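Once you scroll down, you'll see the structures, which are given as C-alpha cells.
Shared chain: chain A. Partners: chain B in the first complex, chain C in the second.
What follows is the complex of A and B.
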C-alpha cells in the first residue's frame, strides 16, 4: 500500500491527455472556414448592390444568416487560437502574458457576441 | 531569467529562407484577418442598427485609407487560405519532404497571387461598389 496522496501521485506525471486540444480545434476551425469563407466572399461579391435594403434582404434569408453566424463564431474561434499562439510566443513575463491572453479572449468573445446578435437582429427583421 | 534567450530569435535565422518566409507570412496574414474580423462585425452591427446608422458606417468604411486595408485583407485572405490548406495537408503526414515542401510553397504563392488578382478584379467589377 502506498502512502502517497492521490495528488502527489499525479503531480509531475505529465499529460492530462488534452495536449493536442489547441492543435485539434485550430485544425477543425480551419477546415470549417474553407467553405464558409468561400461562401461569404462569393455571396458578398455576387450581391447586386450593398445598400441597406439589399443586405438586410440577403441576411434575412435563413441559410445566409446561418452561414454568417457560423462564419463569425468559427472565425472568432480560429482567430483567438491564432492570436493566442502569437502572444504566447512574443509576450514575455508571466503577468503581462496572462493579462494579454485574458484581453485577447475577452475581446474575441465580445466580437463574436456582437456579430451574432447583429446577424440575428437583421435576420429576424429588427433592422428595418 | 533575463539571461535566457527569448523568441523571436530574429538574429539566428536566415531571413531569406522560404520556410521562414512562408511561416511568418501565414502568421502575419492571420493577424491581418483577425483585424478584418473586427471590420466585418462593425459592418454587421451597422446593418443591424438601421438604415441611417448604416449610411454613416458606409461613409466611414468607404474612406480612402480603408481601401488600402481592403486590398491588404484580400491579399491576406488569399495567402492564408492556401497556406492553411498546405498546413492541413502536412497534418496528414504528406508533403513533408524537402522537394515536396518547396513545390507546395511555390504552388501556394502562385495560387494566392491568382486568387488575389481574381478577387480584386471581381471586387472592382461587381458594380463599382466599394463598401
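What follows is the complex of A and C.
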C-alpha cells in the first residue's frame, strides 16, 4: 500500500521524451514493405520454375540480391519494432520486461544477419 | 504478465433473483452486477424482473425504479439524467454507455445486462473508483497556460475558426466510457493516460490562446503516456457525446512527428 497522491503516481518519473522515432520508423518501414513484398511475390511467381537452380540464379542477379537484402533488413526491423510494443503491452515486471526486450532484439538481429549473409553467399557464388 | 483470469476475490458467483409480482403487464429482466465491500463476499449477478409499466424509457429510469421498489441497496451514480454530467456511465449489454441516454427499447427484447465500467476497481455495485482517471485528467493541466499578460480591458480573443477547433473536444463530459473501453488502458492504465485525458490534452494543445503547446507535447512524448494507443478506436465507438478521441490522439502523434523535421 502506498500513501503517494494519485496525481503523484500518474506523473511518476515524468515523460521519457521518446516514442516519436519508434512510431515514425514503424510507419516508414511498413510503407517500404509494401513495394518490397509485392516485388518479392511477383518475382517468385514469374520465375519459370521453383527449383534450386532457378532460385539461386535469380538471387544471383544484382537487383534481386539488393531488394532481397532490403526486404530482410526492413522486415526484421519492422518486426522488432512491433514485437517490442507487444512485450511492453503485456510484460509488466521491470526485470522480465528488460530481459524479454533484449532477447527480442538479439533474435531479430540474428535473423537479419543470417538472412543477409545467406543472400550474399548465393549472390556472390559462395554456395552451391 | 497480463492477467487472463479475474483474481479469486473478483470472480462472479450466482446471485439472487427478484421475481415480479403476478399480473405484471410489461416485464423486463435485468441482470445486474452486485458487489458489497463490507460483506467479504465475491461479486454476484442479481436478476431483477421489473414491470416497466409507468417507468421512464431509459435504463436509468429502470435502475431508479429497482432501487425504489425492489432493492434499496442497489448502488449507482446518477445526477443530471440528461447526458451532460457523465455520472451514470456503466457497461450496458456489453457496451459502455450512459444509463440516462440509453433507451431500454433500443436494447432488443432480451435480458439487460448491467456491469460497472470494465477493468476499474469497484467501490460498490455499479460505482467504479475513478481516482486514477481523474488524476490523469489533472496531469494534462486542463487549464489555460500563458506567458502574455491578459489584456487589461477585455478577455483573450480567439477567431471564430479558432474557437470551432476546440468546440467538439471541449464537449467531453469525463464519463470515462472511452478510457475504460480501451484494451490498452485495461493493461496499462498506470502509465497510459487513456483517450479521455489525451482528448483533454489535445483540446488545450490546439487552443489558440494557450502558450504552452510545446510543454504539453513534451509531457505526452512518452512510449506509455501517449504511444500505448494502438488505434483500436473503441473510444470513438462508445463515446456517448459522439466525440472522436482516436482522431485527437492521431493529431497529437502527427504534431510530434512534424516538429522533428
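We adopt the following convention: the second predicted complex is superposed on the first by the 109 of 128 C-alpha atoms of A that agree within 3 Å, B and C clash if a C-alpha of one lies under 4 Å from a C-alpha of the other, contacts with A are read in each partner's own complex, and residues count from 1 in each chain.
Basically, a residue touches a chain if its C-beta (ideal position, glycine included) is under 8 Å from a C-beta of that chain, and two chains touch if they have at least 3 such contacts.
Just so it is clear, the model here is predicted, and its values are computed rather than measured.
K.L.:
One more residue to check, A:56. First (chain B), second (chain C), both or neither?
P.N.:
So A:56 only meets chain B here.
K.L.:
With both complexes overlaid on chain A, does A:11 touch chain B (first), chain C (second), both or neither?
P.N.:
second
K.L.:
Which of the two partners, first being chain B and second being chain C, lies in contact with A:37: first, second, both, or neither?
P.N.:
first
K.L.:
Go through the superposed model and pick first if A:119 touches only chain B, second if only chain C, both, or neither.
P.N.:
The first partner, chain B, only.
K.L.:
Looking only at contacts as defined up top, I'd like to know whether chain B or chain C touches more of chain A.
P.N.:
Ranking chain B and chain C by residues of chain A touched puts B first.
K.L.:
What is the contact status of A:90 with respect to chain B (first) and chain C (second): first, second, both, or neither?
P.N.:
A:90 sits against chain B and chain C alike.
K.L.:
Residue overlap on chain A between the chain B contact set and the chain C contact set?
P.N.:
89-90, 92.
K.L.:
Mind pulling up the chain B residues that touch chain A in the complex?
P.N.:
Contact set of chain B toward chain A: 6-8, 27, 30-31, 33-34, 37-38, 40-41, 44-45, 47-51, 54-55, 58, 77, 81, 84-85, 87-88, 91, 119, 122-123, 126-127, 129, 131.
K.L.:
Going by the contact rule at the top, pick out the chain A residues touching chain B in the complex.
P.N.:
Touching chain B: residues 27, 30-31, 33-34, 37, 41, 45-50, 52-53, 55-56, 59, 68, 72, 75-76, 79, 82-83, 86, 89-90, 92, 111, 114-115, 117-119, 121-122, 126-128 of chain A.
K.L.:
Which stretch or stretches of chain C touch chain A in the complex?
P.N.:
Within the complex, chain C contacts chain A at residues 1-2, 131-132, 134-136, 138-139, 184, 187-188, 190-191, 193, 218-228, 230, 253, 256-257, 260.
K.L.:
Okay, in this complex, where on chain A does chain C touch?
P.N.:
5-7, 9-12, 14-20, 22-24, 85, 88-92, 96
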